[in-house]
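Chain nomenclature is as follows: A, B, C and D, assigned in order of appearance, with residue numbering initiated at 1 for each chain independently.
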Amino acid sequence: MNTPDAIVHRPDYGALMSEPLPLIPEPLLQAVNLQCERDKRILFRELSFSILPGTVTRVEGPNGSGKTTLLRILAGLNDAWTGELKWCGAPVANHREEFLRNMLYLGHRPGIKPLLTPLENLRALMAGRRPVSDAALSQALQGTGLAGYENVPCRNLSAGQQRRVALARLLIADEPLWLLDEVFTAIDANGVAAIEALLQQRAAEGGAVLVTTHHDLALPGMHRLVLGKGGVADER
Amino acid sequence: MAFDSFSAFIAMEGHGPYVWACYAVFFVLMAVLMAGSLRSRKAMVESCRRGYEFQADKSKVASAPASSASFARVNVSQD
Amino acid sequence: MWQIFHKLGSPKWFFGISTRFMPWLLAGGVLLLMAGVVWGLAFAPKDYLQGNSYRIIFIHVPTAFMAQSVYIMMASAALVTLVWRMKLADVFVKAVAPVGLVLTFLALFTGSVWGKPTWGTWWIWDARLTSMLILLFLYGGVIALDRAINDEKSAARAVAVLVVVGVVNIPIIKYSVDWWNTLHQPATFKLTEKPSMPAEMWVPLLLSVLGLYLIFGWLACVRMQTEILSREQRTRWVKEFVLKGRV
Amino acid sequence: MNAETRLAAQLASSRVGALAAMKGVFARDMKVAFRQRQDLLNPLLFFIMVVTLFPLGVSPEVSFLSQAGAGILWVAALLSVLLSLDHLFRHDFDDGTLEQLVLQPQPLFLLILAKTTAHWMLTGLPLVILAPVLGVMVHLDGNSIAVLCLTLLIGTPVLSLIGAIGAALTLGLRSAGVLLSLLIIPLYIPVLIFGTGTVAAAAEGASVGAYLALMGAFLVLALTLAPFAAAAALKISLSNG
């Protein structure tokens, strides 16, 4: 991590953050007694944890232990679960729109249209969320090392570059909660280091990051959420 | 009784084949449906029982160490 | 109130209570159906217009009536599934759909066979038969979707959406088919609408409708129990039931 | 990080209106479609080919064609809409954009309405525009062609809207295309009946205002209910995948 990659430079979009924001010191997201069953197999049960602002949490576990499912449940994509999910202390289901506005989820599938250019993709992804100027979008793309590729259709980009297009959202995200599923896939070593730095920076700013990865992610102060194989999960 | 004789009852003035075909198909299909439903319920109870017995057998055996992946190459003998 | 509702939704409770009721449903259903059918076949007077072929009515009308009411019942249960996520409701939808399919097929078959001596042809694009055919398609779609989705819970909810969408469409379909029918061929003859049916005809008809209703209830119980056993395999009460034979 | 030094999170404040979000969805779908113009032609070619089959397969006689023409065109249009429905959510599902769509802090049914509108503009509308040409080829008279186009104009959006429910339900399933047809065709029957019935009534010289109003009622009903059903179905399908 000696040479910070371009990815760490978050573009300055101060104008967008002009309003004073409410400060929330309590847990952003709380899970109480989560249980998830899939094809009559219990993936996890009695899973309780809190995601605090200013933390990076890594979800760990072997293949098939339900890491992706957990993230999809937290994001609200999977509703085959029982238990409680609270956003800032209130049930998520009652504040769905507010929750979605404050949560950024990047999944296995990057959410990039191969026929569109990185800029168009990014614009479409932000369209329903927040007004962002094209200049800020290009700056974000440059930040992920895609300078010069802004107008090339994504199908002509490599897998890693496509992933970077999706990651560009992290550079303009104001959502306090990030749920990142296997974001390091297809990213080169420099990129990984830069993203690690970005996650830490985000935590330092007061954001909360939940990440699954098979990379050796070891950030100072990182929390770990260990999912056992079909058994009871615990929190550390 | 609306018919004079049993044969008249069967013949139904020429409409017999239609009427009896309908009733036959109705009763056969209903019987198949009912028997099939009963049988699949029995089969489900049986499969549950086998499942529990299998579980009981497994718990008698000392719990084997969880298999961990070694990705060891498999030797395929070539004759 | 809510406790009662949730108790009603508990599979274990249903399993116990249905086991107690099932023999009565079956016995009553078979008895009533047989009484209606025997009365209709042998004792009811001949129809002055159609002769003896009208005796098909004693199974045609019950199956047609049940085919439609089963779909309405499914739709109510589907709505409950979507709104309250009651476990039993989606079990009901799944268990009952094939029964509805068979009943619809029977209604179509008996209607078509009845058509031969009455209209001189096996099939006529009459409004009732056509609506029934479309109902058959709807049942087919529900079953196909249920089979196509692996995950039980997702299947139940997807099917619930489909059934509700279907039930919104049923009146529209019925209305448009009726309109289409008058457009193409003015209805000259209706199968079941008689100016006034003598009691010797409608009493056996009523008996067989009731009988089929009870048999349907029994079928629903048996099939729901199968489904419940499959879903609740890992619960203690199912284990106890399977190994000791009581709930 | 110690609990004492824990930072507070800042909640996102800026938001985007639902209309802007719908515009974004619509614009993206249109852009993607026009990057692949070849695919836009497929339903149209299919439409023309199905219509061609009838004179070849049944009878090229003017009397038959002019009587059956409206029905032929309607069935062909229905089939080509059906054919195109499989793609409504499929590609978005595969590349992950559908997940991001569902996670937008917007009412999902509005976003689906935007997608369905785009779908109709790309398949239904071209069919309506092409219909007069084919109408002439099957010997419909001028009045019938005008009424036919009107019924297609009102009817094809209904097909897209109902189809969206089926597409959402069968998302990610094996042989989704066939299954989709099984689920959706029965629901298309009223639109088909009134679409062709209106043309038949017009050919007999009856006034068609009431029929068109009824089809308009179908459209309003589909517009208000179908997006909700499709949204519910979409969430279920995503939860499964």
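What we mean here is this: a residue touches a chain if its C-beta (ideal position, glycine included) is under 8 Å from a C-beta of that chain, and two chains touch if they have at least 3 such contacts.
The structure presented is a predicted model; accordingly, all values stated were derived computationally and were not measured.
*Asks:* If you average the Cα atoms of each chain, whose average lands nearest the overall Cα average?
*Replies:* Chain closest to the assembly's C-alpha mean: D.
*Asks:* Count the C-beta pairs in contact for every pair of chains, then give the pair with the highest total.
*Replies:* Chains joined by the most C-beta contact pairs: A-D.
*Asks:* Taking mean CA positions as centres, which chain lies farthest from chain D?
*Replies:* B
*Asks:* Centre to centre, by mean C-alpha position, how many angstrom separate chain A and chain B?
*Replies:* Result: the chain centres lie 48 Å from each other.
*Asks:* For chain C and chain D, let me know how many angstrom lie between their CA-based centres, rounded off.
*Replies:* Roughly 32 Å, centre to centre.
*Asks:* How big is the gap, in whole Å, between where the Cα atoms of chain B centre and where those of chain D centre?
*Replies:* 41
*Asks:* Round to the nearest whole Å and give the separation of the Cα centres of chain B and chain C.
*Replies:* Distance between chain centres, rounded to whole Å: 21 Å.
*Asks:* Could you list the positions in chain B whose residues touch two or more of the other chains?
*Replies:* Chain B, residues with two or more chain partners: not present.
*Asks:* Among the residues of chain C, which are close enough to touch at least two other chains?
*Replies:* 150-151, 154, 233
*Asks:* Two or more other chains touching the same residue: where does that happen in chain A?
*Replies:* Where chain A meets two or more other chains at a single residue, that happens at 80.
*Asks:* Write out all the pairs of touching chains, ordered by chain label.
*Replies:* A-C, A-D, B-C, C-D
*Asks:* Which stretch or stretches of chain C touch chain D in the complex?
*Replies:* Those residues of chain C that touch chain D are 82, 134, 137-138, 140-141, 144-145, 148-151, 154, 157-158, 161-162, 164-166, 168-169, 172-173, 175-177, 179-180, 183.
*Asks:* Which bits of chain A are touching chain D when the two form their complex?
*Replies:* Where chain A meets chain D, its residues are 16, 19, 21-25, 28, 52-55, 75-80, 88, 97-98, 100-103, 105, 107-116, 120, 123-125, 127-131, 153, 174-177, 203-208, 221.
*Asks:* Quick check: in the complex, which residue numbers of chain D touch chain A?
*Replies:* 1, 5-16, 20-21, 23-25, 27-28, 31-32, 35-36, 91, 94-97, 99-106, 111, 235, 238-239
*Asks:* Could you please specify the touching residues of chain C with respect to chain B in the complex?
*Replies:* 37, 41-46, 51-53, 55-56, 59-60, 63, 98-99, 102, 105-106, 109-110, 113-114, 116-117, 215, 218-219, 222-223, 225-226, 229-230, 233, 238-239, 242-243
*Asks:* For the complex, which residues does chain D have touching chain C?
*Replies:* Chain D reaches chain C through residues 162, 165, 169-170, 173-175, 179, 182-183, 185-187, 189-190, 193-194, 197, 200-201, 218, 225, 229, 232-233, 236-237, 239-240.
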